[in-house]
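Chain lettering (A, B, C and D) follows the sequence in which the chains are written, and residue indices restart at 1 in each chain.
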Amino acid sequence: MVPEDGLIIAVIGGSEPSVEVATLAEQVGEELGRRGVTLVCGGLGGVMEAACRGAKATGGATIGVLPGSDPRAANPWVDIPICTGLSYARNVIVVKTGWSVIAVGGAYGTLSEIGHALGDDIPVIGLRTWSMSRDADGLDGSILVANDPRDAVDKAIEVAKQRRRSPAEESG
Amino acid sequence: MVPEDGLIIAVIGGSEPSVEVATLAEQVGEELGRRGVTLVCGGLGGVMEAACRGAKATGGATIGVLPGSDPRAANPWVDIPICTGLSYARNVIVVKTGWSVIAVGGAYGTLSEIGHALGDDIPVIGLRTWSMSRDADGLDGSILVANDPRDAVDKAIEVAKQRRRSPAEESG
Amino acid sequence: MVPEDGLIIAVIGGSEPSVEVATLAEQVGEELGRRGVTLVCGGLGGVMEAACRGAKATGGATIGVLPGSDPRAANPWVDIPICTGLSYARNVIVVKTGWSVIAVGGAYGTLSEIGHALGDDIPVIGLRTWSMSRDADGLDGSILVANDPRDAVDKAIEVAKQRRRSPAEESG
Amino acid sequence: MVPEDGLIIAVIGGSEPSVEVATLAEQVGEELGRRGVTLVCGGLGGVMEAACRGAKATGGATIGVLPGSDPRAANPWVDIPICTGLSYARNVIVVKTGWSVIAVGGAYGTLSEIGHALGDDIPVIGLRTWSMSRDADGLDGSILVANDPRDAVDKAIEVAKQRRRSPAEESG
């Protein structure tokens, strides 16, 4: 399979997932590694660790955007620890660094990351994650729902490539 | 009415609200000003401007946490412009600065702010805003739904006072 | 004396100053309060606390931009605690929120804040603070040196007013 | 030469360097690439671009921590663009991500980064950069001065390895 040159996709999710959600996250990581896509996540445990472990198992590269200042806080499957010292505000960086985002399960931090991504026009693919709607005008949260890890990665790569072909964004 | 000493409550919502939502935001601001509560918001237009205008009409004080670096970008009803230069990452600061948060209507930025608040254990009161649920385990988003602006402010003050009576939080 | 309407000036300095530096900071705060200028600082101890105490003694208003998430971590002379959760990255917000900056003594955090201010074209007045020069081309750090607290506040107000009269900045 | 496993070193400097400073930056990049050290920088032009170009010429890997939201704003020699959307506040992340920091020439942004690094106990090696001192107590800015690019990289690797052998830092 031809690796996806330079494509980075974010995987988001909580640090204390159920076994089922952790397994899904690991399979998402495996699938990303298999396609040669670089994974970016928050660098810690739970969904983040499971996804990184999966990616390394299939030869992928992993970036961990950490809340703190010590790179050794990253889980053992992070190749490149980015130290922000920004605490949870680092979530913004995780989603912005992906050409698209896969949300797996998810706690409130994940909800916040989905909000950031959608507000930034970064496509979000959901696997067992939040669904949401707005009372006032019936708009939904515009998440693409995936059936399984492979479907999530297929969809994430497709929308990431579409976005990469679009004109450069002004905010640079 | 006795002013609520030093109580700060956040009002969040989009910059292009419907007329109905803008009216609700203005009434929330009026009600906060009437109770002597200081309002904090993102400092720009739409819901933020309507809420500040309401607060000033009833003698309240207003803080605007701006995305940019020029205080003159604040709407005219902001007393204290805080310049962050952080772009949308400033949303975290808006919700953290309130003892509680009132969400009025809302776009994706608002969704992100709700996620931050809930992840931080900051109570959120919703007026015509997002509702959300998590597929994986049926948890809801824990927003207190208000019937009208007065009810929203009543609820927001009550939970803010409860939070202020709780032990100091370790993260300082 | 006519209060300086809506003028906010930042005071920066370390959390463990010498007695002499703490006294200078308190006098800077007193002088700002006397002129009706609002003081913004990092909200914690040392120079920040001394300056806030001085400002409140002469009727001034004070804003504390905190590194953490609990407003109760502010020193007792902070009127308006802004909670950022950004750790030391909050220093950027302190200097950006002032129309000008007074540096009193100072540790490495202060050096970083001076760098941010100068990089942002925010004028810096120094009282017993860092001096610096660039090897490569002999440029200096462009800090206005003050002789005493009163002189520092005079200079800070003058440059702040100049800046406020300049055209609005594009970054908003 | 044995590559330095997983070692990341930051290179900081302005976007409009003199020809001499740009040449030094390129040589620093070449030397880092030759030793198998990953380079992290702000991802844009000037010193950042020269250092990345040098690193790629000798087979190194490069990370660019961008101020904006579009990865395509990175210079062409960045392998891994990290999008922060934080504007200049992203400087904190550049220095924190390095086990040590090499400052080449430098404008005010560089001064701010040096301040962050020193405040965070991250060792700084200087090549034609700022020198600084504190009036109040005669302390200097604790920068290790290098004679040339090779010396800068030798010193940076030595202090980075020392820091990596030290106990994990609590802030994680």
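Throughout what follows, contacts are C-beta pairs under 8 Å (C-beta built on N, C-alpha and C of every residue); 3 or more make two chains touch, one makes a residue touch a chain.
Note that the structure is a prediction, hence the values are computed from the model and not measured.
Visitor: What's the minimum number of touch steps needed to get from subunit B to subunit D?
Guide: Graph distance in the chain contact network comes out at 1.
Visitor: Which chains make contact with subunit A and with subunit B at once?
Guide: Of all the chains present, those in contact with both subunit A and subunit B are C, D.
Visitor: Just grab the chain with the largest centre-to-centre distance to subunit B, centres being mean Cα coordinates.
Guide: The most distant chain relative to subunit B turns out to be D.
Visitor: Please state whether the interface between subunit A and subunit C is built from the same residues or different ones, using more than half shared residue numbers as the mark of same.
Guide: Same; most numbers are used by both subunit A and subunit C.
Visitor: What whole-number Å value describes the gap between the mean CA coordinates of subunit A and subunit D?
Guide: 27
Visitor: Where the CA atoms of subunit A average out and where those of subunit C average out, how many Å apart are those spots?
Guide: Chain centroid spacing, subunit A to subunit C, equals 39 Å.
Visitor: If you look at subunit C, which of its residues touch at least two other chains?
Guide: As it turns out, subunit C has residues touching two or more other chains at 85-89, 92, 120, 171.
Visitor: If you look only at subunit C, which of its residues touch subunit B in the complex?
Guide: 6, 8, 38, 63, 65-73, 79-86, 92-93, 96-97, 99, 120, 168-172
Visitor: Which of the residues in subunit C come into contact with subunit D in the complex?
Guide: Going through subunit C, the ones touching subunit D are 18, 20-21, 87-89, 92, 105-116, 118-120, 126, 128-137, 141, 171.
Visitor: Quick one: in the complex, what on subunit B touches subunit D?
Guide: Of all residues in subunit B, those touching subunit D are 85-89.
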